[in-house]
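Shared chain: subunit A. Partners: subunit B in the first complex, subunit C in the second.
Presenting the complex of A and B:
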């Protein structure tokens, strides 16, 4: 008995060997930067030279920083445009493509649409940002079209007016995010037993009823994953803001990641930037834990 | 043509890289700059680099074209590593060159200044931004970098449109306003502006500097006292007035500099206030009309400065070669070349310049520099002030900030930095 346990333990030790690359990668890319960022958040540092310990000073400053709180509020709004709206549109589109378009026009048309909706995900975001910049510019395509069809009063200064900047950026983000949700949901749909739909159809259920009674409950695991990943993406959104508005006009589209970038690279308040990043990370981790708990509970119920 | 030259550049870069591998044993000299491929600086320096290479057949010269953003974002970290080149172009000012100089990352060039005779070519004013003290504040201390060109903000104008409207080049702000009013009456928005980018704050500062005296500029740029907001208040009031009168389109808050420049180069807007870095672009793209530039009427100070610096990182193994390179770009031959490519030469003999654009630019720069009228850029005193001014002036232009609120908000950031030095 004892001998058998011994061999079992040595066998297990053999496996640990294979963990080394992963652990090293984790240390280098995740843990060490996180810890050093955490330590830096208690210092003042210009990026070169020696950091100076200042205790909680950065966090005290954070509490009274209007820019920081403004950016937090914008993050809440970006959760709508990065998570909620794309998930809803993605669900409806996936269901439409899967059991309506495909049935009516065949696999190829459905694949074409799927690829089309996914395209914004493949396009480098800087390229997409520049294109959207042209489209939304006051002398850009949107306004030219609106003026051309006699709707000149609707033409706006899309990214330059504080009222419209946030919705405009959100619109571009929805355009980017929908493809991701759609593809995940479509792969989930292929997992669902078609006989469920057939039975429902025989019972006289319409498209909408099948969506709410079968598709959404059956897709719950995919929806959880997509909501969690897009939620995290929303909390650290940076690139679309950076290329489209640089946080403007008058900080109307500022987000925490951009504020971190700004303080790290331009004001050289590296310690302060680190403290913003720490708060951001804490929020992300807390949200992720709550969400995973919730998901585990849901699965346990089933 | 542009594509061809880029292709040639890429080809020469890759051969250089290959050469670097092949001759790893021989002496290598690494040099970086970040001027735009079409800019006059890049054109002139590329030619100078060819001469440099033929002069030193035993040295492998590795050149890399960086971008301003790359060095702005991570320059100090590169200089702090063993990846730093032997000589590179670096952004001038306290927050950039001053910071790395104060951290001991740059070679002190004091000896070279006399040895290479740079003090005979450049005036003391031209060297103001070359010197940084222990804290990294410009103006005194050791020489850590050399600028070989100048830059200034002026108003570019469409000569044909001015002539057709029967208007004269303004010599006072009132005349300038009268010109704008005349264009407005014809249904033309006179001033193109990209408020998201630099041209918003440069127009703002150009107006503020017309009310600035020596003390104000020295205090402002030296972070010596809390901000005296009066010049900025005048500028902000003037600009919000111009927006409401329609001299500036409110939509400019949604435009970047290239969009605004396009309004000027396509002949839609008769005026555009921006820096001399546009000269190369304008010279190559404007074909349909005559254009020129006038300095915004001011008693003494204009927005402008000597250009970015050649600096020699502390780890450079070839400081002598680096100094020789700097001397080459300062030589009459390449100063004239720079002006003939449309750049703002700092030490060219106007008689030798054949390009009218470069000739005019060199003489305007000399005019401003000779009366000590370089007021530098408004974002210099406070790290990150560039973004603050951009954010706040879009608020001013779109009308969500009153001139007084605008001044209060930029003063808050300035005074915060001033008291926490």
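Presenting the complex of A and C:
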């Protein structure tokens, strides 16, 4: 008995060896850089020589930096196109496909729609950017269509005009995001017992009533997951801005990620850029902790 | 949640088998179908635009505009963009990097999960939370130190740097997924193997890996696609043209201000094409297992 316990204990210790590559990698790629970035945010540094300690100076400057506040406001606006609109469209589409199309036209038609709406989601964002940059350009497809149907005055320099750049980028983001929401919601719906819908229908509930009384409450966990993950993603919007507008025109589409990139690699104000990244990180960690707690609760329920 | 994602296939077949007691209605079902078809066409319209304009010649475009169907297929714009951007090189780079990340990322995930799920090493829960927090925070907050370290070690502008970084970042998610699967692995099987004198290394490869093979394939698929689409880190790390990925090349295309509309369409189409290929190959994995990717 004692001998058996002994071998088990030594074998248990043996398992720690399997953590060595993972822990080493995590230290080098995540932890050390993360800590370094945090420390750098209290310094001023051009990327060469030694960083000079300046305490809270970067953060004090941040509070009065219009570009930074502008980028935070744009992040709030991107929540509309990253989270709110795609979740609403995704819910309605998922409910239509699950509770109506699948019933009336069969499983395959519904799957076909799901796959089609999902397609933009797996495109590299930079490719989506090239595609939409071309479609939205002054001589692009949107303007040609507007002119063709006699609405020439509505034609705009969509991504090159400070008024229209943010809505235009947002439009592309909605196009990308709907598929993600739809697919997560549809996989959640597969948990629901179809007889629930049948019973509701017998009781005279219309499609809209079934959506609000069954679909949305049953999908609460998925909605929570999608909302939090897309909120986290909204804090990190970078590629669409890099490709479509480079933060312009006139800072109209500046976001924290782009501002950080710009200060790290263009103005070389490394300490300042690091402080913006720290703010971004702190906000993400708050959302991430809420998300992880929720996940743990869900698992405990199962 | 991860387990739920992997068991979709069973639940959906159950739903199909449900009795069809609900009446099919006449006109309404056509209206709803029509609305959805219009929405789907709008969603797919940009893809179609890229396709029809990429194979149009300049004369055709200036005569008919972007909406006309090409009168003949002209590969001029496609081959022109392919050659000027050295697209075969970019494709090869993307494939090398993504395949390596898929393999090494899955391997790292497997080792971590083996220690956590089977070895039940102390502090497993803390390890998982730290790993997940680590990948959820924005890459902006690690990019500069990584850039500096890469320069200091001579790994800057090498694909190896990008492979190492992504293998580690993505293994965090893989560890989370695999350790929840391995946490419920029947202990008796492992104990039986131990009594037969198998070392933990032998148990890993002859007992655990065969069981996990489908999950590892799903994981590898996700790592591959995620890595293919990554932008910020490859953009910073891979400065020379010869090392860049498709995603980075696409991101830099806009800056080059392609004046010719058909050339822009060709660039878009070439960026889209690999994705369509993956989509057709991995469609079921991608749309079913998407909840797996939800924490990313």
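Just so it is clear, the second predicted complex is superposed on the first by the 256 of 302 C-alpha atoms of A that agree within 3 Å, B and C clash if a C-alpha of one lies under 4 Å from a C-alpha of the other, contacts with A are read in each partner's own complex, and residues count from 1 in each chain.
We adopt the following convention: a residue touches a chain if its C-beta (ideal position, glycine included) is under 8 Å from a C-beta of that chain, and two chains touch if they have at least 3 such contacts.
Computed from a predicted model, the values in this text were never measured in an experiment.
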Partner chain(s) touched by A:243 [first = subunit B, second = subunit C, both, neither]: second
Touch count on subunit A, higher of subunit B and subunit C: C
Which of subunit B and subunit C A:153 touches, first, second, both or neither: neither
Which superposed partner A:292 touches (first subunit B, second subunit C, both, neither): second
First (subunit B), second (subunit C), both or neither touched by A:204: neither
Partner chain(s) touched by A:226 [first = subunit B, second = subunit C, both, neither]: second
Subunit B versus subunit C as contact partner of A:55, first or second or both or neither: neither
First (subunit B), second (subunit C), both or neither touched by A:101: second
Touching partner for A:127 - first (subunit B), second (subunit C), both, neither: second
Overlap of subunit C and subunit B interfaces on subunit A (superposed complexes): 47, 133, 139, 265
Complex contact set, residues of subunit C against subunit A: 1, 4-5, 8, 11-12, 15-16, 18, 20-22, 24-25, 29, 32-33, 36, 39-40, 43-44, 46-47, 49-50, 65-67, 108, 111-112, 114-116, 118-121, 127, 129-149, 164-165, 167-169, 171-172, 175, 180, 194, 200, 204, 225, 228-229, 231-232, 235-236, 246-248, 250-251, 253-254, 261, 264-265, 267-268, 271-272, 275, 278-279, 283, 286-288, 290-291, 294-296
Of all residues in subunit A, those that touch subunit C in their complex: 7, 11-12, 14-19, 21-22, 25-26, 28-34, 36-37, 40, 47, 93, 96-97, 100-101, 103-105, 107, 109, 113-120, 122-127, 129-135, 139-141, 144-145, 148, 175, 178, 180, 183-184, 187-188, 190-191, 194-195, 197-198, 201, 222, 225-226, 229, 232, 235-236, 238-239, 242-244, 256-257, 260-261, 264-265, 270, 273-274, 276-278, 280-281, 284-285, 288-289, 291-292, 295, 298-299, 302
Sites on subunit A touched by subunit B in the complex: 46-49, 133, 136-139, 157-162, 245-251, 262-263, 265-269
Subunit B residues touching subunit A - in the complex, by the definition given at the top: 72-74, 76-77, 79-80, 95, 99-100, 103, 105, 195-196, 249-256, 259, 263, 383-384, 386-387, 390-392, 394-395, 398, 400-401
